[in-house]
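Chain naming follows the written order as A, B, C and D, and within any one chain the residues start at number 1.
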Amino acid sequence: MIAGVIGATGYAGLELTRILARHPRITELLAASSSAEGEQLEHIQPHLEKTISIKLTDAKTLINTADAVFSALPNGHGGELAKLAASRPVPFIDLSADFRFGTDEATYNAWYNLSYKGGELHAASVYGLPEMNRKKIAELGAARNSAPVVIANPGCYPTAVTLAAYPAVSLGLIEADGIIVADALSGISGAGRELGRAYHFAECADSASVYKVGTHRHTPEICRNLSRAVVFTPHLVPMNRGILATLYIPLEKKLKVTSNAAAPRLPTQEMEEHAAEIRKAYTTFYKDEHFIRVLPAGLLPATNRVRGSNYCDIAVNIAGNGETLIVTGAIDNMVKGAAGQAVQNMNIIFGFDETDGLALPPGLF
Amino acid sequence: MIAGVIGATGYAGLELTRILARHPRITELLAASSSAEGEQLEHIQPHLEKTISIKLTDAKTLINTADAVFSALPNGHGGELAKLAASRPVPFIDLSADFRFGTDEATYNAWYNLSYKGGELHAASVYGLPEMNRKKIAELGAARNSAPVVIANPGCYPTAVTLAAYPAVSLGLIEADGIIVADALSGISGAGRELGRAYHFAECADSASVYKVGTHRHTPEICRNLSRAVVFTPHLVPMNRGILATLYIPLEKKLKVTSNAAAPRLPTQEMEEHAAEIRKAYTTFYKDEHFIRVLPAGLLPATNRVRGSNYCDIAVNIAGNGETLIVTGAIDNMVKGAAGQAVQNMNIIFGFDETDGLALPPGLF
Amino acid sequence: MIAGVIGATGYAGLELTRILARHPRITELLAASSSAEGEQLEHIQPHLEKTISIKLTDAKTLINTADAVFSALPNGHGGELAKLAASRPVPFIDLSADFRFGTDEATYNAWYNLSYKGGELHAASVYGLPEMNRKKIAELGAARNSAPVVIANPGCYPTAVTLAAYPAVSLGLIEADGIIVADALSGISGAGRELGRAYHFAECADSASVYKVGTHRHTPEICRNLSRAVVFTPHLVPMNRGILATLYIPLEKKLKVTSNAAAPRLPTQEMEEHAAEIRKAYTTFYKDEHFIRVLPAGLLPATNRVRGSNYCDIAVNIAGNGETLIVTGAIDNMVKGAAGQAVQNMNIIFGFDETDGLALPPGLF
Amino acid sequence: MIAGVIGATGYAGLELTRILARHPRITELLAASSSAEGEQLEHIQPHLEKTISIKLTDAKTLINTADAVFSALPNGHGGELAKLAASRPVPFIDLSADFRFGTDEATYNAWYNLSYKGGELHAASVYGLPEMNRKKIAELGAARNSAPVVIANPGCYPTAVTLAAYPAVSLGLIEADGIIVADALSGISGAGRELGRAYHFAECADSASVYKVGTHRHTPEICRNLSRAVVFTPHLVPMNRGILATLYIPLEKKLKVTSNAAAPRLPTQEMEEHAAEIRKAYTTFYKDEHFIRVLPAGLLPATNRVRGSNYCDIAVNIAGNGETLIVTGAIDNMVKGAAGQAVQNMNIIFGFDETDGLALPPGLF
């Protein structure tokens, strides 16, 4: 089977190429790049020499040849490419935000300052978070030879935040109108390959910073996923890979363990027991999800424990006088947050084993 | 005037030595170390060669000679040393947690598993956050020749979190019973000089992790400072210096700008105006505080902008459907979070200019 | 086929486990650890959860069960384990230095302060640098069912330095008695998992240092490989993975392009042509070596271009008034410098495709 | 006294500003920037808020007002500015390469592809490496009111390499025609503030690379300083500050301690004694140089031990069968390698204490 990557020279495109190159079901790999059409990818990216040999083509040719198409282009290109893909049809997995809002063009307009270009495909597309929408993705995939398949691959932050909050929301553990606070840290590859003062080594190494407070484009995607207000605040930390999201979720069932909040005590046994129950509920909720690892009590996530892998590690605890559920999720932003999840979506569409091409154990470094 | 540093070979002790060595009012510098008594500090720490020359002494001798004593020893040593200092008396500034809880020994017992050893000095001591307690510190200092002066230098996280939240709490901007969420990031020097798997370069570089969820010892100090429940969650990020704390504060005056929280809009003008008011209130609140820099709209904190300095940068914004105040504070954990603040306390005690020895502009790196 | 890793909880052991877990010819993986016998590896190293499940055993049991044995234990343990392996016999690949000196026990004694414990196996063992000794390794492997197979997996620095210098030495490009200067940089994982002040993040991040000048244990291994004096100087730089070795080789055919060495000119065409010839000679020398990539003119090595892979990138240039050949080699110290090369040796021993298990494209990060 | 910095918004300009702001002899500080004329420096660089307040002016106005002028502009601007400064005259310290080659315009042309624009000032200028040219700098300075003073502040690499080799060359320890190999590592601030793919965090963090082999512009400056061929090879390592240069110097007095170079022994007592003699010679050579610290036997340089300071740490050892002197020097590239050395030059010109403004003890981080 032939897979094709459009936008192959960006970080997400390169990671896709790297994963697909060793995918057991992919026999041929195509790549397109508007800036380097006609060149060999491994000449532009010499770290790939001897591991792949791909002459970069254009998007249209690629779409006409491949059996599965991934687009890692910036926002705004997905609509037209999806229409091309739909005309064959060939499954189209878009790593941009262009299809993430389904029929809600207004939200996409407001946050991305762009208009829909995919016509009816926006309504027909599925948001590709397998742990939430596997059935829909599979159904779309099952009809792939006769109907368009357009998958909106989720954003990196929304993946981490949604996976960490989804059980609490689904199981009603959260206070009815409670606002979730989602505080997230990202490595610098998340900013993509574009040059910018903020990503110059000397300006960001040995520094942590907060950015786009209240204005990050992933906010509406997160709120929509969780059907509620989420205060999402991204931070940049000096590492290459990884997202760590810590969520503060107001519990429906509050414990109120101390009368004097200004002189708190260490977590009480009651709090630990409640946390254990919720941890168990999370574990059960995700029991069939290979890529989710709900950590046992006492173990907390670190991004290097999911490095290079498609796993999402999740820890569940209670603090703040028994009223707040604290859930931390860790992913590799380039894998589960981008390329890996896209391949996971492809696996579902084609009925492959969901771990095909994604079985590499994480490295600590 | 002679200053003395007990525990001079740890990170906080070294930073104290570095600052005091160029302090315009200090004419002689003493240093004590139980592990290296009798040796020259600059032989053990050859980066200091030619800049200082100090023969390490013992704590008792140091206390009997110095005009101002700093202790950078681990928790548990402050009480007895303070009593020695009080017997002269000579001002004693303790960087450990031993005096941070005043008369509330129970909280100290519960979180530190230690008992008070400073007798009446615990009640007489002052918590040395100048922006909160300058008057008390100065009053104690004014009587320094006749009465004991014991200053509890605040913890690094509590300094950042308290400075970021204090105006909101003092000015009643926060919902009456509202829980503050304080999500904080620390560089690895904050862990001190002890060896540990978690601080081995290969285990923490290129990784972000969360630790001690709900159980970090700085929690009760923060809650006490702010007179309320604070959910404090510390994270470790791969940088040397710096703390970045992002606080989520439920506003008393909520805006409720959108009816559909799941489809949020970018911050409205109403939210921006409210944020500008609060930013102005913060600016006014701290108008006489040299070391606090409330940032103008559009500018957000990064730890490298306070690197090596005693400044605390604070940004004020509103998000989350108009209900949540987001305040981020950045400090250098070794300076405003430890040694610099200790020197600031000394300056107040002795009536020096508060910036003496602390005038170095921050470096970006 | 069953592979077994002794010393599975160190960095080299973990990397071996990670590679072998996805090796197409390995059907079962065993692991031994003296410190954690009886425990599940993935419990001790939770980043491995769901990717492997191995109950840690003891070395003896492992040797009695496996079809191929790797030892990633510290120096001094190889001899006895090799004897156990030889008694079956089962191929034994030792990542320590214990078998690297063959019959030259004196050198091993002098530099490692240890004695041989492997008896006749030291003479029978082969130094496992495939690009130098493939034939010997294969011959030993072909008789693996009837005779002991002991492979001394090379040191990380010697791998990089030898591969960069070997063609120049073999082809007589180097001045007859010329001393090679080998200046090498290593990431911090090279120091292993032991705790040490020098590897504490705060002590080594944002710092480069030189260590063991003239005394590093890899020196005699390098000199033996290249049959001459090599001045080897290792440096520690703040990265996790990677070795970059720059070699200065006095050319037999000197160009003497400038009369005034104190006012040098940019490389002349003559120098460029000579460099191109030598580059071509290197390319030819390594033409059948999959894991060596001799870079084209204008491209220089960076460790992130071999990250996570078994490749060695080599660049060839001439400088210094036309008298000095400069060869830089880059490897991933954990892969080609340790675990990957060990698996490459196993592949040769068993007649597998040499890239089996080692086909992962490098990542830039 | 008024000091002025032209090119104040680059890294070297900012470091100059930072040092001069606390210099005891400077009462007023001016700054010029062609890109931001008319703006407040602390608005463009908010990390400087409250520490300095400077309205950026133009270079001409600055030169007409200041008592000492520093230029941190890129190569090519120094000549004309120097002429302006000479017309008053006001001392002019140029951090670019424009005056580093004195009367040798041909070398400057060849390596920088630029022509001289400073007329006779090139011949009159002095190369500002105080440890080599203090007397000349002081003589020029003594006549500063009547004659032009133009100082060529050395390059960062040439500073480290020259200081490490100068005693060996001056004292005749080096073989008469011996080529020095200078292998150097630089932090990324050395690349300046310009954006470039190579300095994007994700492309250079966790990677070491070699660059400009045989073609780096600092090569002719180094060769000229040492009056001989020097093979200079720069490397980029993932840290912000620091240069570490390891030099391999062929000894005039060779020891030839081993007959079999391929089976080396650890350094012999004879070698150690010879190294000790040379170390002593270095110490004596630099005995009056405050900013040089020749390290005792057993101590080796690390860049974090000179971090933020004007020191150059130097270690002397012998290896390679007794034939090679290995000297490693460490500096902070932004201080002794740029801004600090420029201030040191100013101090000499004006007869100030050479450590004025440069007394800050190094920080480890």
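Everything below uses one rule, namely that contacts are C-beta pairs under 8 Å (C-beta built on N, C-alpha and C of every residue); 3 or more make two chains touch, one makes a residue touch a chain.
What you see is a predicted model, and the numbers here were worked out from it, not measured in a lab.
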By label, the chains that touch chain A as well as chain C are B, D
Chain centres computed over CA atoms; the one at greatest distance from chain D is chain A
Tell me which of A-D and C-D has more C-beta pairs in contact. C-D
Roughly how far is chain C from chain D, going centre to centre by Cα mean, in whole Å? 36
If you average the CA atoms of chain A and of chain D, how many Å lie between those two points? 47
For chain D, residues that touch 2 or more chains besides their own: 189, 202, 204-206, 238-241, 304-305, 307, 364-365
For chain D, which residues are in contact with chain A within the complex? 11, 188-189, 191, 193, 195-197, 199-202, 204-206, 238-240
Which bits of chain A are touching chain C when the two form their complex? 14-15, 17-18, 21-22, 46-52, 189, 205-206, 240-241, 290, 293, 295, 299, 304-309, 311, 359-365
If we count contacts the way the header does, which residues on chain D are in touch with chain C in the complex? 104, 106-107, 110-111, 179, 181, 183, 185, 187, 202-211, 213-215, 219-220, 223-224, 226-233, 235, 237-242, 244, 246, 248, 261-267, 271, 300-305, 307, 315, 317-321, 323-324, 326, 328, 330, 364-365
